[in-house]
């Protein structure tokens, strides 16, 4: 039985308006990969941040190798051998890869940075992940996946005793995740303790030895991964009886299977292309149909959505709506056509953080009505309340600033914003990214019902099982080009994987 | 790809060169006397009048004037003088924004043998040979004249409020000192209020309002320039008092507005500060060119105008 | 948990706008209280030929220009921008008004219309540079700040253009309901702005663009239009302020009308609780901020603080007010009290 | 499969990398080309008199202290902040030094008018009357400047106040304090100073030599280059300006760096003030009004983004030259009257920002085309 690396006891943390952590205990042993599971707002990230010195804990003790520690800043935490990789890539876009790896600890001679040493060190750190990148290039020119790897390389660059991975795979495709797991195992065998936070159940079961579950800022329990049934895990995470979710999961296919065929075409995209983002692509979406865009990260899914919603201008190709040829050069035009779009990057491109839930919800309607025809406050409240209840948005009041809500609820607010606008085509880019199982189920259910009401939906997700479950038609992309399309019964994870993989081999 | 974006600038460059040579081509005229004039700026009517006077005089005498406006910045003036030296002008006229700090640049001018004439404000230099002459109204004297006139008007007794010019500017200081000098002789003349009105109407009005509300009894107002006086007059009127009667007002510059006010009986007296420096300056220049010696200081004669004279003089005022 | 949310909010939490207003108002009250006790004559209020007369009235009167500017500036700052050119625009508007009123037989409304039109034009220029051509606001408006006064001088030929037209003079010196007329103008403009921003969606759009431009764009809001309108409106306010300023001294002084007032306006808005970064804005706060600054100035006149050093107390008061508003400061205070409580 | 997947993405990345590295320097090249254009234009339009070495040297001579201040401002702007107190601090420093050197410090009737100023003043008066050795005076003022900057930095960091606001207040404060020390301009007659200006210079040709002020500028420039590109602090400045949150999570001392940045700015402003005294042989509390805007303009024209994280010290140097050249061209033209001068300056600034945007945008397009 390996000895204790980290012991956290009775950790509490209060933020204005919410008790984020309530007397949480957590233990990590050497050479252990420890999954930390829980819904959004369960307190995973907060727990980690108290450990890495981003937040100060209000109560509790932390022992690292039996020594009590109290890091006041990430730097101190690093000095103690605790290093972290956060969910969103936290690096400096305009600096080189090498600099991002060594930033703040560049090897210096008489206070002068010697760049050769920097790049050597970066090379070393990168190669530790079996990656081969030109470390001199600007980070912003790398794919998100690469950036994530760079972040990990940076975390390993200091001789860490304890590595924290907060949603590291949320932006990685299958292969890259596998590479990452390989690295994780290697590190575990070297005796590192690894805290692994994720929403992907498969991944927890694949790599972690232990699982600790949090809910609503409290500890639910710690379990041997092997001895914990998925069903139990999920029900512990969301504190609900599992059957509900099962129901939610089974609903969509039945609902859509019947409605899938004989729908008249609604949106028809032909030979739509933009240099450097997507090769000519054809997609047709019918009313009451959910079309999935499947493919690895960076395969052109988001790019397609952006073109369709008028954020980027296509170089060529055409879009017809109800047989009418249309040109979409801005989101406004797209919205006028009855399109709606929830972007992948919720915080940056979705919510208006300091505005209230109410204002966020009515924003799209109002934008559509224009400046002069303003909704009355009463009207706004009515709309807001109806959606808050309809989608079960957890908020103290419609006047709460959206920034204070958890990720899942922010996502729901975004959905509400668009549903209030009664779109005819709803483009959902990773609607379930970084959201807990419960909310995922609810959102999938919602999609199904919208689809049943006759809304056309373009569904983008990196979780194949979701795509398979929710879509009646799946367009497979790879390397910024369409490589296949499935409908109805042809759709299966296996088939899609095959399509992607086959092309990879040819490439 | 580097080439590709370098193309843009290079094209620009070529076109510029072409344009430039055209301009340069038409810039060559018959060789005539070139005078550089570094003006402080255009912060007041008075200064605009001064600039105009010098410009027109130059034009009249067929002299090419290189004019540089310094936007109230000494560094710009120094820059201008340097540039004049580089342009090899024949004479430099300098209206210095402040007194100190001219030694180095004027030394350069001297090395190049370019005579420097100071307009309307003096400078503080250890080596007086750095400038040929100072052509200016006698600002301190203006203050004295105002003081003397007010003293006799109030026959040596009363409370005076003073509207100062821009803090630290040399006319403000001179007019302040000259005035104090003159009234020093009268112990019963007290300056009860003294605030900066920045040489502007708005400030003059605003500050005067504050004065009037401060509860002090004010018999007379001394304003460092007419604009502040005119602003103050408005303020006084708004309180229901009679400017020029309840409060005696004396100011400096004698711009047209002041005469207007005197005609209306709202201003009692203004001391002329003559901005028409053009003629005397260019006389001096011609003298220098002719090799004659000119006095170190050429003062324009100042005069003092009272309400009585205002009416017939008003039409004759050029500024 | 949902309930926890609701209950665990601080009991003394106020609605945002009110909480924001407390500090500037408190500061203003404090300053007035100080004057009440230590500055003689400050609160002396009498009635002279049918209208009120006293320092307080002056504060309203003199503050009117900054108040007008701050209304426009509030919207500009809320979009995350800044407009340095308003001072220069004031000068331009004043110059145009003065020049035109002196044209014989020129209908008065046309004069005002022209002055406002050209200042709106200035706003359009800024709006184009910032909103459409995406030039950083500070630099974009810097251009007009530098060139604007030149334009004004160009219009007046570098002279003080004086005028006596009673109607124009009334705008700066007249009285209405016993108060200086500029106060009325401010009141009206405040009402208009409030309606414009709160009864239409402009306010919402300004705030959302200022808070997260990308997201607003995706939601179908044209940030160009919103920003453009903000700058145009700022230009309009500046124009009004310029006319008032010129009318007040019966002449267009291109060099000094509105000189450095842009800074006062910005300070007023920030003191009023609107963040320089953009987002939520508080019109009334801006007005209070403007009054605070003017009260400070008048106080210094009344207390014979020499004008050269006047900026020092101004700076100190402003910084203090902003510190008091900052959450960081609140925490420190709270800590202090809790420590006291425990000890 | 893994391998191939990895490679494809990576190759793709590599290809674009080259473009990016190039495009990173494009604003710089744009600025450089503008400098050249302006100078060549001047030479062409005004002939050998403009092209002369003297004009070139004067260009540096006359903009030395603007250069020093602008370089300091560059770091602030790179860190995503802004410093409006520059001009006021320059003025404050200049008058402080002057007051130290010239013991006839103060005209006191002005102090009688403002008791508060008098109180504040007595400390300085005491110092000023024992007139310090200039070097000591300079030392003191540099320290004061740095402390002032540090104070601003602390308020900005600890109280999360917007730099624009804090430094604006700082500007008022410094300006006022300058007048407290001495209400009007004050010449420095120190033999030491005269010596400085006359003796320390590198003669080039007859009548033209490089004065001490330009050497100061050169030194500051080189040091700044080193700090920006060869010290952890410098890189931290870039990082924080680019993405503060990430920088903090990466363990960079965001707070300390910011405070240091403003301290540095305070120091350079004070140093600019010192250079100003060398240049003017005087101090003036009313000088350099609106100077901070020149500095900022220089930085922005130099291609540094006001949003922070992107830019170069070298660019700023060129920005300063551009502003100087504009002034020179206007003076050489000699026909513009006061108001046209203002309009011209404004428009020219606009033109250069426009040129920059155009060139940068053009390069972006080429990059994208190449990438696709």
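By letter and in written order, the chains are A, B, C and D; residue numbering begins at 1 in each of them.
As a convention for this text, contacts are C-beta pairs under 8 Å (C-beta built on N, C-alpha and C of every residue); 3 or more make two chains touch, one makes a residue touch a chain.
Everything numeric here is computed off the predicted structure, so don't read it as measured data.
Looking at which of B-D and B-C shares more C-beta pairs in contact, the answer is the pair B-D. Once the centre of each chain is set as its mean CA position, subunit B and subunit C turn out to be 33 Å apart. Between the Cα centres of subunit A and subunit B there is a gap of 69 Å.
The centroid of the Cα atoms in subunit A and the matching centroid in subunit C are 43 Å apart. Of all residues in subunit D, those touching 2 or more other chains are 19, 113, 179, 183, 285, 337-339, 341-342, listed in ascending order. Shown for subunit B are the residues that touch two or more other chains, namely 42, 48, 167-168. Every pair of chains in contact is given here: A-C, A-D, B-C, B-D, C-D.
Across the interface of their complex, subunit C is touched by residues 14, 16-19, 41, 216, 309, 311, 330-332, 335, 341, 343, 348-355, 359, 363-364, 366-375, 394-397, 399, 417 of subunit A.
Those residues of subunit D that touch subunit B in the complex are listed here as 19, 22, 26, 29-30, 33-34, 36-37, 40-41, 43-47, 49-50, 52, 54-55, 58, 61-62, 65-66, 113, 179, 183-189, 194, 197, 207, 279-282, 284-289, 324, 327-328, 330-332, 334-339, 341-342, 355, 358-359, 362-363, 366-367, 370.
Note for the complex: subunit A touches subunit D at residues 54, 73-75, 77-78, 84, 86, 90-95, 99-100, 103-104, 106, 108, 111-113, 131-134, 136-138, 140-143, 145-146, 154, 173, 175-176, 178-179, 274-277, 296, 298, 479, 501, 504-505, 507. Across the interface of their complex, subunit D is touched by residues 82, 84, 129, 133, 135-136, 138-139, 142-154, 158, 263, 266-267, 270, 275-277, 304-306, 308-316, 318-319, 322-323, 326-329 of subunit C.
Of all residues in subunit C, only 40-41, 44, 48-49, 53-55, 58, 62, 153, 158-160, 162, 173, 245, 248-251, 253, 255-257, 298, 301-302, 304, 306-308 touch subunit B in the complex they form.
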